[in-house]
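There are two complexes below, and they share chain A, which is joined by chain B in the first and by chain C in the second.
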Partner chain A sequence: MSIGSVPLRFKVEIDPERCMKCGRCVENCSYGVFRKESDNIVVANSRACVACHRCLAFCPRDAIDIYEKPTDYRTHPVWTREVREAVFNQAKTGRIIVAGMGNVLPYPSIFDRLVLDACQVTNPSIDPLREPMELRTYIGKKPAALSVKEKPNGDAELLTKLAPNLKLETPIMIGHMSYGAISLNAQTALAKAVTKMGTFLGTGEGGLHESLYPYQDHMIVQVASGRFGVDINYLERGAAIEIKIGQGAKPGIGGHLPGEKVCADVSCTRMIPEGSDAISPAPHHDIYSIEDLKQLVHSLKEATEWKKPVFVKIAAVHNSAAIAAGIARSGADAVVIDGFRGGTGAAPRVFRDHVGIPVEAAVASVDAKLRKQGVRNEVSIIASGGIRQSADIAKIICLGADAVYIGTSALVAMGCRVCGTCNRGTCAWGIATQRPELTKRLDPETNAVQVANLIHAWTDEIAELMGAAGINSIESLRGNRDRLRGYMLDEGLLNVLDVKTVGA
Partner chain B sequence: MCGIIGVIDKRRQLMDGSKIRESLALMDERGSGEGAGYAAYGIYPEFADAYALHVFFDNVRENKPALVQELEKWGRIVHDEPIPIYEAGIKKVHTPWRFFFKPDVTKAQESHTSADDIVMRLVMNTNSARKGSLIFSSGKNMGVFKASGWPEEVANLYRIQDYKGYLWLAHNRYPTNTSGWWGGAHPFNLLDWSVVHNGEITSYGTNRRYIESYGYDCTMYTDTEVVAYLVDLLVRKHGLSEKLAVKALAPPFWDEIDAMPAKEQELNRALRLTYGPALMNGPFAICVATADTLIGFTDRIKLRPLVTGEHNDRLYISSEEAAIRRIEPEIEDVRMPKAGEPVIGRVIA
Partner chain C sequence: MAALRIDAKNLHYTPLNQQIRKAVCDGVKEIVIDNVLGQRFIADGLRGDDVTITVNGVPGGDLAMFMSGPTVIVHGNADHAPGNTMNQGKVIIFGSTGDATAHSMRGGRVYVRDSIGYRGGIHMKQYKEKRPILVVGGSARAFLGEYMAGGLLIVLGLNGQVPVAERGVGSGIHGGEIYVRGEVEAKYLGVGSKQLPATAEQMEMIRPIIEDFAKSFGLDPAPLLKEKYSRIAAASARPFANKYTPE
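Up next, the complex of A and B:
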């Protein structure tokens, strides 16, 4: 082979002094890095290491070290290792490079250049331990105005009929990760966590497995272009329905679940043959205009007797604002905007890393556009794709979101080390895999507690941030640009975000 | 800080401004000499059907012709004159002027435009253009008088005691988030709505974006302005009663709503869902007046004081009991309303 091999990425070492030869690393590494040789444990294939850290986490003696190898390439500021390796790979295979998880390019984070404000003397901060803090959020259509008939005796009769809304006890939901992309144990843990926390989980486009029926009141069922798992039973079970048009990790393209991940159970839930590739095309073949979308929104509502909110999810792109305005008028109850840092089970790397825009800018411009058209209050905005911490949530709410979907962070709460190889189906943590020997590593009970803990902790942190800003109800944080300042952001971006600079 | 006082006579008996002046001056400690103001209703009986537009001109000769031209485009100026002012030790930065103006709805482009809508538009356009003219009061048979200075100085500047009204609001300012300037003094007014406020509205950013999507422009650099626009939207445009409007602005907590009987719960939930962006947060005590009503309320956890008193036909609302007693020493029925609870006085004749 004329190109030969590329240099090692991660170097794995076992300290023989510390190793007690228990063999746990051999058992735990699903990538075959370790091997037992007579009485010894050896690193048989460092090259296979993806730095998922499963071995490190389970070595009882801290005997393993994993280094990111300092590059052997001649250093070059432009021709980075990733760029050159991609060229080597594609020169060899002639194929599109597929990758998992989120964008790996070091775009500067807008979240990290926004700071929240706090109040001092003249408007007192509110102590969340002693005063009520309201994070309850309703997602769905709201009327522009209320019509109330008030009688002279003080009785008031509400004439406006409200559309169904989802009641969230925290603005944090978990986004759509399908059974197929992630394991049933992982989905079960997430479903238990959202049920406990009074919030919601998306099913993804993989259908709803029978064992999740007990959590259906906290699940949002997804209708994607492949229509996998979609029938009336599925629609009726969800608390809300989401039409997926686009996804932040891969705007403009559809989904692909490799046949290896389509085991018997997945095939049954998705309603496709076992072992077949599940390909959802980029467009819905019945949606080529906003009118078509409107028809689908209406038919889903009609099918479920107008009892459920219908969301539409799009990837954050430059004309998101105009699209969202169309969606708002299509009768949808919420628009989900998924930024370019969103995770994925598998995507062409070129899309994952290069297409789309940050969710911060997209949400700000959608919020502004909907306000300009006087319909902001009638439709909810859910932001997703790149939410890493509670501060990000507070910031995106200030920029105009009603609530967020988290994805990667919920997986990290279950052990995911963001190794970026979900596409291979060998996730050593039992998350992005369907192999029974791996999925059983994940105990839904303990993992549910961890995910619920994360949501709980973040909810408390948001309450603290609100209290510091002198705000006791989340409605007053939403779209509140006064509580944000841009730190070293350029003027153009400050304008898009409609945020003043620090010091102003 | 900031001191507020409001009084309404339910039988429209007129009160001159002398007592209000004294009452406000009693709260000098709540101010910093950077702004005070008064609103009085019933003061222009001879022009009762015309909108009394109070305007600050930076330079009358330069700025007035453009405004006159604009007004004449939309209606008729019945009368105009400088608002009389007197030596009071205040540095004069603007010339206050008043126009009595009758809009002509046939000149509006859309058939459903009301006279109020025309005046609101004129106010918004004039104030956002910032060309040396600021319309700071635009109701009928009422007017706002304000400037930078101590309460007594501002009262002396306009000789407040010369005006006779059945409903008064007054405000002594301790500016914290914006500098003291004439336009930034309270009361804030739009059409018949006038507002005085003690505190800060931490939800201002949300409230402002909400109200601006309904065509209101916030131009005064201060949080109180939105209150006048929010009540105008909720009460005048959306037809809510003042009581329900206050429930939208300072609603009960979800725990309280959850504990209500089903029907009340439904109404309160609907109010929060629909008017969430109008919900006001932060520490505040607010008095809102309109032609026949005086409303007082505080934020949901009462971070600013508010006291009410009733005596014969008069309802008083103030930051301090002593300020009420300065006007009516005999008063017995003094109360401290609960957080978020609206206190409403209405004329009955």
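Up next, the complex of A and C:
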């Protein structure tokens, strides 16, 4: 007996009273849900629907409704629908399940169990409208001490040689999403947005497309295990260089861009033949130890004549603190900690949902370890993976981060509905696809404005939160556990985070 | 312009590379570095198509990493990953090299007279006219040409050596090709690789490369060319196509 069909995930309905038969849903759905039949529009295949809402967004009459899980399984607390359907899938195919976006398991959020402080009576709040608020952030090594010589005319001369730093006008950067994983129009919109906002965007491991050269001073180029698109020109163009060791959505494994996504242009930036699979191995095969990492950090610095900060990105895993301490000694200028809620174009489900730890705990323990060892000034901490709102940014900075990378939220600002099917390459919003008829839907100009708006709004909110807490500089917020309290967190986690409970 | 001689004794790699860069910038075409002893990153990211650098001694890791154009001749062994992510140019080593030789190499040539360590030519790749070539005179250790995505790798097994007698040859290979004199025992082939005798046409293709290799080290190519070779390449262009299913 075959397993047969599983119940629909989404049921799509058109209200015939409201439908004006304009056909926009037929044009916009890249999954083939709708069909024009003589004068009518019908739902031809609800099963193909992924709830990306492209049809809803462009229906002029609100005639479309989408219902999730219209058919029930017998309720069972252990054998959830997802567990059962994964078994069906693998019984049929014998393969590893791959999915897009981030972790879907309902692990409790640490962010949502941390609350921020505000001033009342004994110390005044600061009004950000009236007082200057310093959100400018420098990423890179800071000297442990400054050596200064007084000149005869009374001026001071700085004798300490400063390492190159990135200057951010806001602690919000956009993380690495490669050309290949997302479209060039999407990357262009993000690049324009960060340039406008005085911050930075990661290229991902897909090279740097020629059309993005005008934004290169705001781009961080990535060197990952596949070394796609990496040559000396690429390294010299970036404002900084990031070595990607791991990714929060899939710690411990490599990446795999399937050949169908390697179109002519993607092949050109990655420098691999068109249609060829782009396989990034799990480790860098020239890094098998912390000493080898130091060698790669130094080789990148040497190649670019010590003009660029070099970041090292790791997935948040059990021993992040010890690993980060090693990275701090490798000569790297910043360590990026990518939590287990980080997004991805495609990851094996078992990794996305079960491997790694939350960024909140990882950043707190990394910050504590580096301070304990007296090397916190040697390396900046960038937090990423699961940053959803400005409050998360304020909280993670209190836990010790210098800045954050956002990813999914920047895509949501361009229309992404978090449908989680980025791996299929048919993104109706023109983001996670290389099909020209879909990518042209995404206008870089308007989307750059939307992404810049988001960064602007969050920066304003952080300034307000700081003002309310009587803090006028982001540096006074950084690592400031005193302005955080844990709400219903257990003692073990409170200790790791080094925060007190509410009421204490 | 006259050749520049640099004495690298007790010299750190950064000032050494600064001297090299400055010389190339000033138009020097011939640079000889004496007393090299473990300095890493020599010619790292260096450009200059008509520049030749002679290294007398034993360079440290990542020799000619990201290099794009020059020729580097080493009279001695080389450490970890010479030719790492190299883009263009030539590295000729009169000796043996460490692990990850020609790692992720993208273009140009690396010739090693003697033997290489583990993971030689791992993840080499090619794009259009950029086709990296690694030729090894002696033998290679395990994981040769693993994850290879393009390029050409030849192991000659000179002086009676077996070219490669360890596991993982070409595992995950999805582009490019490996030639060995004689053949690799089937049990040493990695997942996804396939070995066949080299055809006459393929031999014609590698002939000028073997001749150039022999010439670089003053060897007679004739006996090398008379021998039989095997070619190891991807069993399928999409080794991982059947591994995954969408959620």
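Criterion: the second predicted complex is superposed on the first by the 496 of 504 C-alpha atoms of A that agree within 3 Å, B and C clash if a C-alpha of one lies under 4 Å from a C-alpha of the other, contacts with A are read in each partner's own complex, and residues count from 1 in each chain.
We adopt the following convention: a contact is a pair of C-beta atoms (placed from the backbone, for glycine too) under 8 Å apart; a residue touches a chain by one contact, two chains touch by 3 or more.
In this text, all values refer to a predicted model and were calculated from it rather than measured experimentally.
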Clash or fit: what happens to chain B and chain C when chain A is overlaid?
-> fit
Could you say whether A:V98 touches chain B, chain C, both of them, or neither, answering first, second, both or neither?
-> second
Now for A:A303: first (chain B), second (chain C), both, or neither, which partner does it touch?
-> second
If you stack the two complexes on chain A, which partner ends up touching A:N123: first (chain B), second (chain C), both, or neither?
-> first
Please work out whether A:S473 is in contact with chain B alone, chain C alone, both, or neither, and reply first, second, both or neither.
-> first
Which of chain B and chain C A:R441 touches, first, second, both or neither = neither
Once the shared chain is lined up, is A:Y138 touching chain B (first), chain C (second), both, or neither of them?
-> first
Where does A:K372 make contact in the superposed view: on chain B (first), on chain C (second), on both, or on neither?
-> first
Partner chain(s) touched by A:R341 [first = chain B, second = chain C, both, neither] | neither
For chain B relative to chain C post-fit, closest CA-CA distance rounded to the angstrom comes to 25
Just which bits of chain A does chain B share with chain C as contact spots?
-> none
Could you pull out which chain B residues touch chain A in their complex?
-> 176-177, 199-200, 202-210, 212-214, 237-241, 244, 253-255, 266-267, 269-277, 279-283, 300-301, 303
If you look only at chain A, which of its residues touch chain B in the complex?
-> 119, 122-124, 126, 131-132, 134, 136, 138, 142-148, 150, 156, 158, 160, 162, 165, 367, 371-372, 374, 376-377, 398, 469-473, 475-483
Can you list the chain A residues touching chain C in their complex?
-> 86, 89-90, 93, 95-99, 225-228, 230-232, 235, 256, 258-259, 267-268, 270-273, 276-279, 281, 285-286, 292, 295, 298-299, 302-306, 348-349, 420-421, 423-424
Chain C residues touching chain A in their complex are 13-14, 17, 21, 40-41, 44-45, 47, 61-62, 65-68, 80-81, 84-85, 87, 100, 103-104, 106, 119, 122-123, 125-128, 130, 146-147, 149-150, 172, 174-175, 237-247
